[in-house]
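Below is one structure, written out as structure tokens; the observations come after it.
Which chain is which? They are A, B, C, D, E, F, G and H, in the order written, and residues in each are numbered from 1.
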Amino acid sequence: MAKPLKIVIAGEGGQGVQAVAEILAEAAYEEGRQALYIPNFGVEQRGGVSVAFLQIGDRPIGAPKFEKGDIVIALSRRAIYRTRQYVGPNTIFVYDASAEVPPEDLPREAKKIVGIPAIEITKRELHPRVFNVMIMGAVIGVTGVVSPEDAKKAIEMRLGYKFAKDPKLRELNYRAMERGMELAGAAV
Amino acid sequence: MTEAPLTGEKRVFMTGNEVVAWAALAAQADIMYGYPITPQNEIMHYWTRLAPKHNRGFLQTEDELSAGFTTIGGVMAGKKAFTATAGPGNVLMQEPMSMAEAMRLPVVVIVMQRGGPSTGTVIYSQQEVMMTAFGGNGEGLRVVYSTATHQELFDYTVKAFNTAWRYRFPTFVLADGYQGKMREPLTIYNPVERGMELVPPEPYVGRPGTPGVDRPPGQFRNTYNVEEELYEVLSAYIRDWEQVAGEIAEHDALGVEDARLVVVAHGVVARAAKQAVEELRAQGVPVGYFRPITLRPLPTAALQEVARRAEKLLVVESAYGQLARLLREALYGFTVEMLPLFKPGVGVTPEEVATRVREIV
Amino acid sequence: MPEEYFNFEPRTTEVPKGVFTVFPGLCKGCGLCIEKCPKKCLKWSETLGVYGTPAVEPVDGICIACGVCEGVCPDCAIRVIRKRGKDG
Amino acid sequence: MAMPLVQPPMPNSWRRDTKPHKFCPGCGHGIALRALGYAIDDLGIQDRVVFGCDIGCSLLAWDFFNVDTVQTHHGRTTPVMTGIKRARPELICIAYMGDGGGYAIGAQHLVNAAMRDEKLTVILINNTQYAMTGGQMAPTTLPGQKTETTPYGRDPELTGMPMRGPEMVAAITEEGAYVARGTVSKARQLRRMFIRALQNQIEGRGFSFVEVLSTCPTNWRTNAEETWRFLEIEMPKYFHIGEIKIPVTEGDVDG
Amino acid sequence: MAMPLVQPPMPNSWRRDTKPHKFCPGCGHGIALRALGYAIDDLGIQDRVVFGCDIGCSLLAWDFFNVDTVQTHHGRTTPVMTGIKRARPELICIAYMGDGGGYAIGAQHLVNAAMRDEKLTVILINNTQYAMTGGQMAPTTLPGQKTETTPYGRDPELTGMPMRGPEMVAAITEEGAYVARGTVSKARQLRRMFIRALQNQIEGRGFSFVEVLSTCPTNWRTNAEETWRFLEIEMPKYFHIGEIKIPVTEGDVDG
Amino acid sequence: MTEAPLTGEKRVFMTGNEVVAWAALAAQADIMYGYPITPQNEIMHYWTRLAPKHNRGFLQTEDELSAGFTTIGGVMAGKKAFTATAGPGNVLMQEPMSMAEAMRLPVVVIVMQRGGPSTGTVIYSQQEVMMTAFGGNGEGLRVVYSTATHQELFDYTVKAFNTAWRYRFPTFVLADGYQGKMREPLTIYNPVERGMELVPPEPYVGRPGTPGVDRPPGQFRNTYNVEEELYEVLSAYIRDWEQVAGEIAEHDALGVEDARLVVVAHGVVARAAKQAVEELRAQGVPVGYFRPITLRPLPTAALQEVARRAEKLLVVESAYGQLARLLREALYGFTVEMLPLFKPGVGVTPEEVATRVREIV
Amino acid sequence: MPEEYFNFEPRTTEVPKGVFTVFPGLCKGCGLCIEKCPKKCLKWSETLGVYGTPAVEPVDGICIACGVCEGVCPDCAIRVIRKRGKDG
Amino acid sequence: MAKPLKIVIAGEGGQGVQAVAEILAEAAYEEGRQALYIPNFGVEQRGGVSVAFLQIGDRPIGAPKFEKGDIVIALSRRAIYRTRQYVGPNTIFVYDASAEVPPEDLPREAKKIVGIPAIEITKRELHPRVFNVMIMGAVIGVTGVVSPEDAKKAIEMRLGYKFAKDPKLRELNYRAMERGMELAGAAV
């Protein structure tokens, strides 16, 4: 019986990593799969790096937290330092290329380390608002953990009311997701 | 505006704190009294949103002492009242709970354990076991359910109200910050539609009629003048408690019949234990799994059965031997070796359990 | 963690009436200063602050070095020195 | 034996089978509870009253009235009664406590119940010390007064001046509140204050609070003459008797 | 690397190696603690101050200053500081807490410390809710204000009107006390209030208490403009800013 | 006026509460913080009379929470500070004690047990054992001495201050209402004159010099951001505690070498047990007596030695198996039969113990 | 315990202006009434009260049946009925 | 080795039974013997019957309370009801004759039951103030637990300062004690 896929997504407060994890979890849930998602939380309301722990599988999931992730995504300089501990020999480590981190500070023992210019691209091609959706695309691209269709459904569920007001927004989100998938595909 | 209460079955994906709020609603809880503390805050947040729609009550108190004592007031007025707390709040909650114990008051308390001692962490632990089972200056005349999944969080929160009102002992649902904050799928339902009987509450005070005229006054005390008076009352309570302990106790087990080593854990840690055991058994390792669902009373008979068969027990918990302490008491006289895997305040993964098991067998 | 968290890198701008310095390592991008600036001459800058959000910088030539922004910053991320050296 | 014609002048709401009550000879609790009994009789609410007594000598009143009664914990009567009132607003809840229970260990409850404007009637017996535990200093102990924990007299330099509770409650409550200070040496006035306080609750106007200057011959170690003197001369010098806050909308009531 | 010439305008009593501090962007705690830092500098008491921070966002200040510091329990900073002051009167004790810690769970300590006239300086951050736990109602929450436990806005009918702390403290303290309400939008005035409050302790005149109107953009969910608006327009409507009680014998002090 | 402190030896006849006040004075305690509660009030009464004469401090607080936290303040200021409480007060005392545990603060607490749960009786019990040993949301990193005679009440109160300041764990002297209120003879003395070293206190805050200039600031917290941080700190504390447990543990025993049945009791009940055992042995009954003086840590080695030899243990206590719970944990794996004589909240006489023993052997 | 603790034995004395009744089963001998009597006409009696201390009784002929003593008794141990039946 | 002598003295608040027990205990203590005295106490400050438990022996005393006394003295009606529980087959039960108690309410199984007109006599021959001293005399008379001399010493220690003012008081007390001893002697 296959173990669940373990995902860690970490970033700065504003980057919306929790939303990514939640949408993915809901997408999986909609697919009738098992999903367990828990955010990190502590005494600081802001300022700490925001980390999302997500597991998706086909049978009830054991413990809510885990030692090493199958895929770990760090979206800021501080996030890279914060998430190194979750990277093991079987981990694919994805980070945002814009973060200036001396190479020796990147996790060593990862299975694969990919820097993607996500921030860069959203700024240039899309809109900072959809940064996290692009990241979600990247996760799907790397893992195929949920189908793009279900992911879109999940996005729809969440932002449908906004899309209703401004359909262009839907477009933007979908583009962001697809762009993220490409990026990841290319990288891995 | 009163919304239709929960009807039918509903598959949902939500946080444990939200689950508790829905469960209390499903159990027909009348009123919640509470004081904020992480990681249980969202129980209040969801309840304050649900309550007005189903005209249930809520009061935010000035501290946990007040939360506990107002809950006692609600119960004595004949309502299904509950509160929720954690960590340092649970420490304070022991004062009202000692009164509930002394006066047989069916209060329901949801506990989301966090790291201790003191403020510790707002996150997670299993370090409130001793306090929840035996806290205060009494003899632990309480019922404590330790849940492991969101489904159980719903089921046992509903059940807790029945247990409390049927036996009149303070009843705790002991969960933790992980359970409170994580999201996973479960089915919520209307227990009555499932044919479950909900034990109705009864007023201690404010019953119909004029006291001394139509009926004797309802008068309740917790203070006695001489040692013997207290001894008599207490002995009767203890008899009651021991009489029902057997029917209240619950457990979960897997492969304990043929296992040489049995992993014992409770609450969320039991998930890791069970998963590890399942995988190891699939690989032919002769290991079993036992989980007390009630920490107070313990499922002593079942435990002793396990102790009789197994060679070794591996006790796994996110505390420094609080579950182990209960087990050693319950299994006194047995010689099965008890091995520790204690991680006070931190989570335990299936991998850790598996590794430890491999080291042992 | 890296030490610029102690030695704070100043980013200094000459303004007509003095010198405006922001310490991106301290700026959390709350925007309180921008709101309070009597000349509305603070804007988000390219440089990122400690949380990866934009830090602030004065629009050229308008700042009167009154020091209000320095006074309201919860993180002591701005220092304004008037030419006559009077400290805000 | 047959019931004699003349009966003791006890309020109807008193339980006769628990009398003589357990308070000491000359204890003011008895006089206060008598005034309260008459107030309950006057308002005809015996069937709706829930009486909560604190731990302190107040606990001795757990079987005092023919009304439903809860003996709580030291300082916790306010929250227990709050819990009852919130669950069953039709009940008339009386929280009865001492100055230690109300102003020391239970001060957070008193302050917050007043601030939340709980529709309760709180009655606090001010006997200038902790009586049930044998006479230690209370927030209300007078300057220079000797107690078991101020054997050389309370020194305001070290422990401040006595707490003026009703004045504090008046300062933190809104218009709907009723706040008064009575004394067991003016039983009729006290009875009227109780009636007004209870009426305030019944009419749902707001929080009501009555502090009662009371006697404790046992711990004061006073004879009858000294007892009256301390109650009627010493205490009122610092604790002013009268109604401190009357709900704006309130019509007058006859005791 | 070499220390740059221009340095951030931090008080000398701040610990630079723990900056940027852990408070959120736009948090008023930062402004209040800056004013306090300057007050400590001005009085030259860094070597004698003991700073106690409550559990609440205040706890984030446990390593904020270069002064000895104790992180206590939620609501218990007043007693911990009282214990220190009683044991070592030469130390200057500052109890720093939130409105929940001070007016709710710690109200008995605040009331009794004020009543006993403890020679302490209590600083209470009023941000109209429980911030650290994610924004629940506090005794200071304004009528109609939405919080996580008043999702439809605080209803005074159900939970009363907000607590006016300094007014209460003023009502129960004697002449020697200093009581004021400042705001982080008037940092210079706040600094002066802190200086007076500390001087009152240093000169042993009595209890000193300063409530500080402060911001919480995170739980208020406000942008910079709305944050200033709520702090400067909404809050002062109900919470009046200024010195509420000045020790009679006090000479004026220059900030 | 400062009177000469206690000098020389003095044979006296006084109540236990008075003994404690004299012992604290002899131990050079600097200040007491307290809140009244029967049956410990007289400790404060005597202290308030002694303190001014020997310029020691006293503060009556608004409740036990404050008593505990002000005591913590006194300790952090570098003074030998203590408090005393009982029953419901001890329940509240658990909040400050959890902070003392988390921050390794050498507070000393005298407990005069009374009947529980709740207000119970103001008189007597041994029902505060679990709470005093493990109360709060922690792992019981404390030291608990259970005294039986006025002489011990003096000796161990003095010792408690040394233990607390040497090891930096909160330290309790656990007595009861009988001990507090009864009068019996004992010898009070100046421990220094007896050549006993008194461990000096040290300030946590307010040391000489300017923080950040002459020295780093003294900054102390009880809150951690992530689980692992707390785990690390706690693990170190637990290691420390276990390292010194052996040297702290104390016990008293009689005839356990040749006894088939050993009566185990603590505190004042041990007096009855010992007397009964002495009389029975005089009559040739092969019975022994064992008494843990430290309930936390337990004298495990000595206990196990007893368990190895004896056939049966009779556990006698004025509680419903609180001591027994500790014993069963410590003796897990042994098969010696454990028999109960539990009288929650009431005293036990030598006659009762003797009768029970006769029934057994 | 014996039942006079519920049915209180009255000891009635005719006084000029009315009837004075004391219930020894209730009187605890605190003396508050004696102090308050405007005519100083109450004294300790031979009959013992509930605690074995002397109960009170009026000195012959002086009592004006004003009812003050009844009003101050914490134990409701005195009942005074005026001739015109007006209740104190 | 002889067991300690167990004494219970009970009476109304005003009767000073605790003082009796205390003086006896101190007398024994002065004789260098072992003594343990504990009063009853509870939530009521007054009104309850006052009971003193006293044990005097030659070796450390076991438990502070006991089931049956060797001598039980009840000085009031209520005290008789309250102390019946401490009377066993080996108990000498002494009560004040003035208490009107139906004979069937007196303890049955006592070794000896003696009614003494103590109140009566103090009123008539001595002074109510020394009632308790007479009772002390009675205890000594019945038990000889301490020597009259040491008892007098103990009285002196306690009331010496009063005797100083008014020597007649000393006389009165001594007479009361001796009278009590006679009474008891005669009775037992």
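By our rule, contacts are C-beta pairs under 8 Å (C-beta built on N, C-alpha and C of every residue); 3 or more make two chains touch, one makes a residue touch a chain.
As the structure is a computational prediction, the values presented were derived from the model and not from experiment.
Common neighbours of chain B and chain G, by the contact definition above: D, H.
The interface with the largest number of contacting C-beta pairs joins chains B-F.
Averaging C-alpha coordinates per chain places the centre of chain D 35 Å away from that of chain E.
Chain G has its Cα centroid 87 Å from the Cα centroid of chain A.
Measuring from the averaged C-alpha position of chain B to that of chain E gives a distance of 38 Å. One simple way to say how far apart two chains are is to compare their mean CA positions; for chain D and chain G this gives 26 Å.
Multi-chain contact residues of chain D (touching two or more other chains) are listed as 23-25, 55, 59, 71, 73, 104-105, 107-108, 111-112, 132, 134, 139, 159. In chain A, the residues touching two or more other chains are 42-44, 46-47.
Across the assembly, chain F contributes residues 38, 62-63, 88, 95, 99, 118-119, 121, 123, 222-223, 225-226, 347 that each touch 2 or more other chains. Chain B makes touch with chain F in their complex at residues 87-88, 90-92, 94-95, 98-99, 101-103, 114-121, 123-125, 127-128, 130-131, 134-141, 222-231, 234-235, 238, 319-322, 325, 328-329, 331-335, 337-338, 343-347. Residue ranges of chain A in contact with chain E, taken from their complex: 43-47. Note for the complex: chain A touches chain C at residues 12-15, 46-47, 76-78, 81.
On chain C, the positions that touch chain A within their shared complex are 1, 28, 51-53.
Of all residues in chain F, only 223, 225-226 touch chain A in the complex they form.
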